[in-house]
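Structure provided below as structure tokens; questions to follow.
The letters A, B, C and D name the chains in turn, as written, and every chain counts its residues from 1.
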Amino acid sequence: MLVKIIPNEFNPWKYLQEHELQAGKFGATATFIGTMRDYNVGDTVKSMFLEHYPNMTEKHLQKISNIALQRWDILDTLIIHRVGEILPGDNIVLVAAWAGHRAPAFEACRFLMEELKAKAPFWKRETLVNNEVRWVDAN
Amino acid sequence: MVTIKFFASLREEVGKNEVQIEAGEQLTIAKIWNQVCDGIPLPNHVLMAINMEYTDLNSLVKDGDEVAFFPPVTGG
Amino acid sequence: MLVKIIPNEFNPWKYLQEHELQAGKFGATATFIGTMRDYNVGDTVKSMFLEHYPNMTEKHLQKISNIALQRWDILDTLIIHRVGEILPGDNIVLVAAWAGHRAPAFEACRFLMEELKAKAPFWKRETLVNNEVRWVDAN
Amino acid sequence: MVTIKFFASLREEVGKNEVQIEAGEQLTIAKIWNQVCDGIPLPNHVLMAINMEYTDLNSLVKDGDEVAFFPPVTGG
């Protein structure tokens, strides 16, 4: 299990490539990447600030990873989440689940994203092109 | 002492980042909000945690605890 | 939409990294990778041969990609499938779906994999450690 | 002429890879199987295609078509 909060831009494919499981022991890898759009609820967004609750956020992500590892027949999980100032096109989150077979990999990956969205302490504050600043309140 | 933290839009609404108070007897999360937030009514959907675990308004807080109030989360 | 049958080992993360959509226009990328295990139904597998029906296979994969692009609010899809002789740890298939939001990306990615498994003309013949050769008949 | 192809385990069972036959009148997939496979009964779950589109036993085949028989697929 890997959980990481990072303040800098990251390349999700590089992380996945470097997260090597033992060859032959897994058959399925499901991943999800959330990337910043330049639009939201009808407005053009210039930049975004991602706030989190240091330590609680990591603790919560470890908790949902543990739940996934217990609930599905999976081998490993990974969650990487960006914080700080970000720009359109920057990756926000990477979630992955490895398993012997596809169904648990797909289901655990989806579960991790839905749980992260529902309860992990992150907050988005976006700056529109007209420099209006607003907290995102839908998810 | 009890440390109380506010995050995101709630920090701006309350106008506080972090506050420390004495841990009295039978101190609940609800009492802390009232004591620290100067009569601001508790907004709907506010989330709260003691020592980084989700909790509710009736939970008891003891000396050394860290309490947090924050708005609905929007990560991912 | 990209559909590709390849006879050589491939690095899925490299393909994904090179498949660039316009920054800011997508918010969600769901991917699935199927990788050869060194075990199957209780036996140790040494190698596998992946047969396909040239042209029909590509045609079928394009068809399910088109269905996904019509059925979900997604921006793009990618399917890469290996054929020929492969070894444990080699990647067999890569499927990806890009969208504005996570739900259609997840659902389209899962749909593509399930459809591929159900109907795309590929057949696996595995060689066990005792050199027994058998066609895989479960999926 | 009609080209008939066999794949994977079915190719081994039938002992043929590709066969060409004359396209007669009212030629169906079922008739092709019987004509080409020397009395081998059609195995359960066999899949069939005309010109690379899935089809069934009753479909009519015409001159120039490519017909294929194959076992359940196991890709991915």
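The rule is simple: a residue touches a chain if its C-beta (ideal position, glycine included) is under 8 Å from a C-beta of that chain, and two chains touch if they have at least 3 such contacts.
Keep in mind that this is a model prediction, so the values were computed, not measured.
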{"item": "Computed distance of Cα centres, chain C from chain A, in Å", "value": "23"}
{"item": "Distance from chain B to chain A - Cα centre to Cα centre, in angstrom", "value": "26"}
{"item": "Gap in Å, rounded to a whole number, between the CA centres of chain D and chain A", "value": "48"}
{"item": "Two or more partner chains touched - positions in chain C", "value": "34, 102, 113, 117"}
{"item": "Per-residue overlap in chain D, given as positions that touch at least 2 other chains", "value": "76"}
{"item": "Category of the chain touch graph - line, ring, star, complete, other", "value": "line"}
{"item": "Set of all touching chain pairs, with the criterion as stated earlier", "value": "A-B, A-C, C-D"}
{"item": "Chain A residues touching chain C - in the complex, by the definition given at the top", "value": "11, 13-14, 16-17, 23-39, 88-89, 100, 102, 105-106, 109-110, 113, 117"}
{"item": "List of chain C residues in touch with chain D within their complex", "value": "34, 50-53, 55-56, 59-60, 81, 92-93, 113, 116-125, 135-139"}
{"item": "Chain C-touching residues of chain D, taken from the complex the two chains share", "value": "5, 7-9, 47, 49, 52, 54, 68, 70-76"}
